[in-house]
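Just below sit the structures, each encoded as structure tokens.
Shared chain: chain A. Partners: chain B in the first complex, chain C in the second.
For the complex of A and B:
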């Protein structure tokens, strides 16, 4: 009985996401759905190191960007199917994660956050002048599909289900981490590094593993993005907005919770779509204002995000019901 | 010899918080470290736990040189510690707190949970299993710290004022708990201001003042030494539980 109740949200969520494109089959709604899934994947990937381990990276765009460039670079240079580039994106992202983690995780405080911003910006600027990767113009994928393996579809429907499958795998992995020693160690590090070490937690090693895993999935998110859009440039791959969006979505929904990023994306993406369509091109600046507003609200009123707010409401109602 | 600290000094800049401190602990002992605030007890303690690296000197645990080893290595070798200000994982439940400790020797979730539940029962925290650690209050959190360390199956337990700030009843319970842990075969080094704790628990005492070890021996003898009285107890020898300021 207890298991059935615990599974209810998962089943409802899965059912809702599977049925959505069948009900809202218009191209606009499909596009919102795909954007939502991509945002949920990126934020859930960020959540592993930023949420569970509390190591707030504000430069995850570097992994997203590497993942986004790899498929289109493989296509441009060798004429491969873009998806063949995905493993390269993962490999480079994991290597970069280890390279950044080794020196910065030794320091405490905000050094890690600062370092991630700096590295992401450096890579963005460098890619903007590097001819091999198209410099400021960026790279393009195949204009028309040479075969199914190019994953170039007219409709967004196939992308929707591919993204949904990746999200499901990522959440499954996160769920397993939660139950594992690794997940307990991540939460312990977030709660108090010194105490965690005194209990035998190899802090440095656990943090680097978390960052590498997070980087791998963020890289996949980037690859999915560029394979779908068939285009990538430094700003849409490595832009600071890409990093900030992951942080905001996870924090809004509930950082360090399995469904936190999903809930955050469920709120933010429709909201962002509304501001963008209402205000047209002028809505881009509005995105920043929206993000700023959300940061203020979360920091001031509910650091645990919407998930925690919801839990408080539920437990208050439960208590009232049982008091009477 | 379980733990051997030889001529340990720790300097911050030109200031020596600990100077030439020696400590020898045999398996199965309970040793008390006393001394006024700022005497260097905690710094010495941190050196033993691997939280601070001694400037000079050598620390050997169970035949292994641990002078420069990381705190997590100390834990793996069997040195557990508590903190003066409880450092429990506040948002995690009491059970999850203890499970983090239990995972050290039991990598699998269910084994660690069993070990943690068993430890909670032993430390009298069973009723609070699913409570968040921050809901416990200071005495409970101190007890939780002890439980968490105990779950790592240590050979040596370093208690840093784990019994301070308790009511007389809580204190008696806590002394009972430390005794039980000792009877399980765990060697204990305890830093404490409360003389009652030191006198009832410790077989051997070392007194610190201004970074130096000024006396060591049986508790009854140490408290009678002139230097200790001067440094720590002041002139009023009978104010046993007074904390020096």
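For the complex of A and C:
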């Protein structure tokens, strides 16, 4: 019985996400759904290192961008199906994660944040000058599908279910980490690195593993994005706002919680869609002002995000009910 | 001769980098806190200068003081309304607080001032002078020299005055400073005021000599990270030397490889530093 109750939110969520495209089948709603899933995947991937391990990366766009460029680069250079590039994106992202993690994880957490933002910017500017990857113009995927393997669909529906499957796998992996010793290590590091080390947690190694895993999934998110849109340029791949979106969604919903990023995306993506449609093309600026405001408010009042706020409300009500 | 001119130009720009980076290093040294909005403070200092010149008129002395004062007040306000609450909070809150502030300031500036590049209307500083065959624009020269003087002044203030000792006392040991009758909260607020004020006046100096747009904040913020990492966290003299070095490297790489590469080289240097000498040139290990 207890197991059934614990599973209820998961089952409801899965059912809701599966049924959504059947009810809201219009192209606009499908697009919102796909955007939501992609945002949830990226933020959940960030959550592994930024939430659970408490190592706040503000440059995850570097992994997203590498993942996004790899499929279209494979298509442009060799004429392969774009999905063949996904493993390359993952490999480069993991290598980069190790390269950044090794020196910065020996230092305090601020160092890691600064290094991530600097490296992401470095790569963005460099890709803007690199002719092989299309410089500032970027790369394009196949205009028309040569076969199903190109994953170039007219409708958004296939993308919706592909993204949903990836999200499910990612959440499943995160759930397993939560239960596994690795997850306890991550939380121990977040609570106090020195204490964790004194208890025999291989801090350095665990942090690098977490970053590598997070980078791999972020890279996949980037690949899904570029395969779907069939286009990538330095700004949409490595731009600072790509990183910002992952951080804000995870923190808004609840960093270091399984469903935190999902809840964050559930709030932010509709909000963003509304502001963009209201204010039109000029609305993107206002959207980022809104992002900044939300981030400041979360930091100041509720670093635990909406999930923690909700738990506080529930426990207060529970206490009141049982006190009388 | 051309190379020499590039070198002097780089050093003069580097002097301004040194000035605003010393503000960043002050905060880091005192409270182990990185301000992601520091570049945005510089950017605001530039726009305050522009507004003062356009609305009130007046020379560089007027808008220099105006933007230093405006940013000093903003720094103290930011400390009391935001930083004080996140200082002892989780890492996520610490980083998100100023990161969000940076976005808020940057995109508000985009919204108000648009993305176009602007520059100050002609001020009393103009023309070029010829120093031993090197042609130096007067605005750059004045801005660079004032920036060096102010950075040295900040260092002297921190090491030679009572207020400076109180600031350092709080950064050394908060509890002990409290027992000596120093109010840490006030001192930390003052540090934020000084830090933002340094950014503001650096912005005013930058505005005299160079055009800008709201996006410069991001570049300056990252540049300040590199300067602080090179000079050693918490060291104002380190920031001065590192600022000059970074200015020089930028000017030379723009001269040799092309302007696009000036930031690439600097950020690459930052990554190399992380690997080779994370404590910086003059920092303690």
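Quick notes
In this text, the second predicted complex is superposed on the first by the 323 of 324 C-alpha atoms of A that agree within 3 Å, B and C clash if a C-alpha of one lies under 4 Å from a C-alpha of the other, contacts with A are read in each partner's own complex, and residues count from 1 in each chain.
Keep this in mind: a residue touches a chain if its C-beta (ideal position, glycine included) is under 8 Å from a C-beta of that chain, and two chains touch if they have at least 3 such contacts.
As the structure is a computational prediction, the values presented were derived from the model and not from experiment.
Applying the stated clash criterion after superposition on chain A shows that chain B and chain C can sit side by side. Touch criterion not met for A:165: it reaches neither chain B nor chain C.
With chain A used for the fit, chain A forms the apex of an angle whose arms reach the C-alpha centres of chain B and chain C; rounded to a multiple of 10, it measures 70°. In the superposition on chain A, A:181 makes contact with chain B only, while chain C stays out of contact range. Judged by the touch definition given at the top, the superposed model places A:200 against chain B, while chain C stays out of reach. Contact with chain C, but none with chain B, is seen for A:286 once the two complexes are overlaid on the shared chain. More residues of chain A are in touch with C than with the other of chain B and chain C.
In the superposition on chain A, no contact is made by A:19 with either chain B or chain C. Between chain B and chain C, the smallest C-alpha to C-alpha distance in the superposed model amounts to 10 Å. Chain A uses no single residue to touch chain B in one structure and chain C in the other.
Taken in their complex, chain B has these residues touching chain A: 49, 51, 70-72, 74-76, 80-81, 83, 87-92, 96, 99-101, 103-104, 107-109, 112, 148-149, 152.
The touching residues of chain C, counted against chain A in their complex, run 28, 32-34, 36, 82, 85-86, 89-97, 99-108, 110-111, 218, 222, 225-226, 229, 260-261, 263-264, 267-268, 270-271, 274-275, 278.
Interface residues of chain A facing chain B in the complex, by the touch rule stated above, are 179-181, 184-185, 187-188, 191-192, 194-203.
Within the complex formed with chain C, the chain A residues making contact are 50-51, 54-56, 58, 102-104, 106-111, 113-115, 117-119, 121-122, 125-126, 128-129, 240, 244, 247, 251, 255, 285-286, 288-289, 291-300, 303.
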